[in-house]
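Going by the order they are written in, the chains are A, B, C and D; count residues from 1 in each one.
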Amino acid sequence: MTATLYGLTGAALVGIGLYGLIVRRHALRRLLAFNLLGSGVFLLFGAVAERAGPGGDPVPHAMIITGIVVALAATALGVALVLHLARETGRAEPDPPEG
Amino acid sequence: MPPVAAPEAGFPWIVLAILLPLAGMVAALPLGRHARALALLLIPAGLVVALLLAAQVWREGEVTYALGGWTPPLGIALRADGFSAVMVVTTAVVLLGVALFAQSSFRAPPGEETRAALLFWALLLGLWGALNAAFLGNDLFNLYVALELLTLAAVPMASLEARAETLAAALRYLFFALAGSVLYLLGAVLLYGAYGTLDITLLAERAGPEPVTWAAAALMTAGLLAKTALFPLHLWLPPAHAGAPAAASAVLSALVVKASFFLVLRLWFDALPGVMTAAAGQLLAALGAGAILFGSVLALHQVRMKLLVAYSTVAQLGYLFLMVPLAGGGGAAQPWDAGAWSGGVLHAVSHAFAKAAMFLAAGLFLRAAGHDRIAELRGMGAALPMVTLAFGLAGLSLLGLPPSGGFIAKWLLLTTAMASGQWWWALVMFAGGLLAAGYVFRALTPLLARTETPVLPGRPVPRHQQWAVLGLALCSVALGVAPLMPFALLQVGRPEAAEEGIG
Amino acid sequence: MRLALDLFTILCVSAGGVFFLAATIGMLRFPDTLTRLHALTKADNLGLGLVVLGLLPRMEGVAEALKLVGIWLLALLAAATVAQLVARAALRETAGQPGGPPR
Amino acid sequence: MTALWLLDLCLVAVILAVALSAVAARDLFAATVFFVAYGLLIALAWVRLDAVDVALAEAAIGAGLTGVLLLGVTARVHMEARTPGPGRGMRLAIGAGCAAVSVALAAAVLSLPVPAPSLVPAVEAAIPATGLGNPVTAVLLAFRGYDTLLETLVLLLALLGVWSLAPDRLWGGRPGLRHRARPEGTLAWLGRLLPPIGLLVGVYVFWIGSDQPGGAFQAGTILAAVWLLAIMAGLSDAPPVRSLALRLVLVAGPVVFLGIGTAGLFVAGAFLGYPPAAAKTLIVTVEAALTLSIAATLALLVAGAPERAP
């Protein structure tokens, strides 16, 4: 029951994160949306683990920790890129100006 | 229960193939200015390891290795079949050429450590380790980590020059790559929920054609396509690949995009062979056809040489996906499957050599002329004959003209398209070949033009760099002359679907 | 005895909850940074303190109880410091403006 | 049961509301604050899913460090996006597409098989060979140690990537700006008071990780936070990136992991294997080295590329 509820929440978070990643233009907003999206995937995985019974399946738990660390590493690189891009161009978005 | 001992096999070359580059990357940081020497030592050693691994696969068949002695589904296994062995060897050979090329451009003054010199070699070793981890992994989650390792090595490579436009290109590359890996992971999560394992071999036994599996396959494929830059998800590739230093572009275009393509095939043919439908295979090939036509037309319109080469990558990646329906993805086994399989893989390999050579050649033209505007490179052919020859030979392979690896690859794909009655893909290949001829000759014509006064390179181009470029181009041609050995090796570890008959 | 302890827990935790609620409303409704901070730190600390107090009798040993008190002390410390820093930043920002402190 | 169910419902509702706010918020700073709050709420969700190890990692890394990273750059990147986003109709279409993805995923979740396949029995059968009590640590360091090895290399590569953005003339210098705080000020006071406590908590979380929730990643993050606090309070400074000592600390974890893993080839018959008699000692040794390297790597990832000439 709990597992299903959080699994559905994870599914909803994936949609929210995906929307932010596609619609937003500011690079930091996109990084933030990527983190939401990732967290939704992890929550879904956590729900899968919880379905195994009380205490949960430790294998997905370990994989989620790995995923969280990897997401942080990617976010750190993204933040550094945005900072330097903003310094070089005064813009915080990777897409070329329109027109 | 004590851990199960690893199966008694020969020497674990498969572990060494991953360990060597990764240990090198770790050691590069404290070694500082000696990182270049370390990399120049490790890369030839790694080629030897790759060849020994290939020999092992050749002699003994598929090689598997349970890491830590813990067998799947609890532990993680490595697996090398013919395809992985070929990719590992290709990677090592391309890296050898690139390292030979880069050893003078990423070299710090004696006794000093510079940013680019340290980081290029450290990232190159990391990228190499990540590629081998992706080619040899047999666990879908572990492959996710390997893909992230690859992304985090490749993105800084693309922005190594830290100019405004390369920063923007790298950031866009990062977004596509991250979105791709999240989708891939999401699919893996669903598979774990449904089957309780992420080991590819076990999944092949357990997974059946059900909605959950289709959803997982769709998500993972979409994610991998974003990383492979298959049309219409190709937007990030040209600026990222064209903006990097030549040696980095060569690695990114020749090898990095192939890793996610490799995983698409792993997923469709090895992990979920009974799940794919014929319609899905046709859709994938249709995207490939779009890439061939769209990428080639865009390549024709480029003014700068490096961008032309980058758009040609977009186009050539399309051919790789034509092999999916031809090699029996989502259908019963057919006699022509093996031919299509060999053709597709041979194309991946010969394109790796050809594209590395072309990017390095473009880098040398850029260095000699101070710019890479195609129209203003008139007469460069006389100034740099060896490089121009290499560019031409590599172009030969892209066009699919004999004798070259590209010719054999495209020939195999064409004949299987006809044999399987899917003539429409043959039409696309003909059109793609004509368009490729257009953009290759467009780049070659000014180079070969006669000028009144002989053109002199603005900056001298070292001899060894020219040899490196020519060597890689010759590799791509040589594949067309002596292709028989890789054919048989490629079939090692092929599932039933592609094992019947030789095309 | 058991009933008395349960009652104690319920009372303390509920009271803590009331303080949290009050603090949240205060943060949303108060007009400026300083009064908001006032609502946050005072009521937050008291609220968390009451929750911790209410949970103390349910701990399995002295070590567990001490850990709980430790958490409360750390939260106090963090809240106090952050409040200080935010207040200083707010003062600097409003300095010289009407209604703000002299420059 | 009903009370807990109610709690779950409330938690889920707040999580979704905060996530939506983080995406929809008008300005970047507000979005970031929502994101940090979201991370803490998700940590609670992990507790409800019986995943205390993940809850610790999420609170420390997902909410804590990611939040600090984003807040830090928000303070330095003021510009708003200039390219207009997709128009209203397009946004609606994208929203509908994303909602469809969510619905499909929800259907997939509801269609997962019962009973759920799991590796719980396999872990229970194999864990005695590791001498550990915490199954998550056993998975991370033994059964799937290869994942963890690659993951620490991901962190190291990310740091190299961040450093690669430094201008050539600043290479070898110190990352970030020098922070100064008034020596008698609150921040400096906190910077003196908290590190000993944080150090203690970090070591405790590492040590307890072999048998209870905790471990190298959580402990490393706590230690990184302590170091960052000391840097922000002006009590310490980020070391120059050319420092050999720093580089040795950064690679210590991977080196020890690779070394013990390679030794496993000879003493346990497989790369990354441990002989059962010495398994726990070896695993704790690897974890200790990893904790140190993770702490240094994470702190420097937040500190950023070199910005001061050597």
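One rule holds in what follows: a contact is a pair of C-beta atoms (placed from the backbone, for glycine too) under 8 Å apart; a residue touches a chain by one contact, two chains touch by 3 or more.
Given the structure is predicted, the values throughout are model-derived calculations rather than measurements.
A comparison of the A-B and A-D interfaces places the larger number of contacting C-beta pairs at A-D. Rounded to whole angstrom units, the spacing between the C-alpha centres of subunit A and subunit B is 27.
Here the spacing of subunit A and subunit D, counted between their Cα centres, is 13 Å. If you average the CA atoms of subunit B and of subunit D, the two centres end up 31 Å from each other. In subunit D, 105, 108-109, 112, 116, 118-119, 123, 143-144, 147, 151, 154, 157-158, 161, 165 are the positions where the chain touches two or more neighbouring chains simultaneously.
Multi-chain contact residues, meaning those touching two or more other chains, occur in subunit A at positions 14, 44, 48, 51, 59, 63, 66, 70, 73-74, 77, 81-82, 84, 95. For subunit B, the set of residues touching two or more other chains reads 74, 141, 145, 148, 152, 155-156, 159, 162, 167, 186, 193. Under the touch rule stated earlier, the contacting chain pairs are A-B, A-D, B-D, C-D. Every residue of subunit C that touches subunit D in the complex is listed here, in rising order: 74, 77, 80-81, 84-85. Subunit A meets subunit B in the complex at residues 14, 21, 27, 30, 34, 37-38, 41, 44-45, 48, 51, 59-60, 63, 66-67, 70, 73-74, 77-78, 81-82, 84-85, 88-89, 94-96. Those residues of subunit B that touch subunit A in the shared complex are 74, 141, 144-145, 148, 151-152, 155-156, 159, 162-164, 167-172, 174-175, 178-179, 182, 185-186, 189, 192-193.
Subunit B contributes residues 1-3, 5-6, 12, 15, 19, 22-23, 25-27, 29-30, 32, 65-70, 73-76, 113-116, 119, 122-123, 126, 129, 133, 141-142, 145-146, 148-149, 152-153, 155-156, 159-160, 162, 167, 186, 190, 193-197, 210-212, 215-216 to its touches with subunit D in the complex.
Touching subunit B in their complex are the following residues of subunit D: 104-105, 107-109, 111-113, 116-119, 122-123, 125-126, 128-129, 142-147, 150-151, 153-154, 156-158, 160-161, 163-168, 171-172, 242, 244, 247-248, 250-251, 254-255, 258, 262, 264-265, 268-274, 276.
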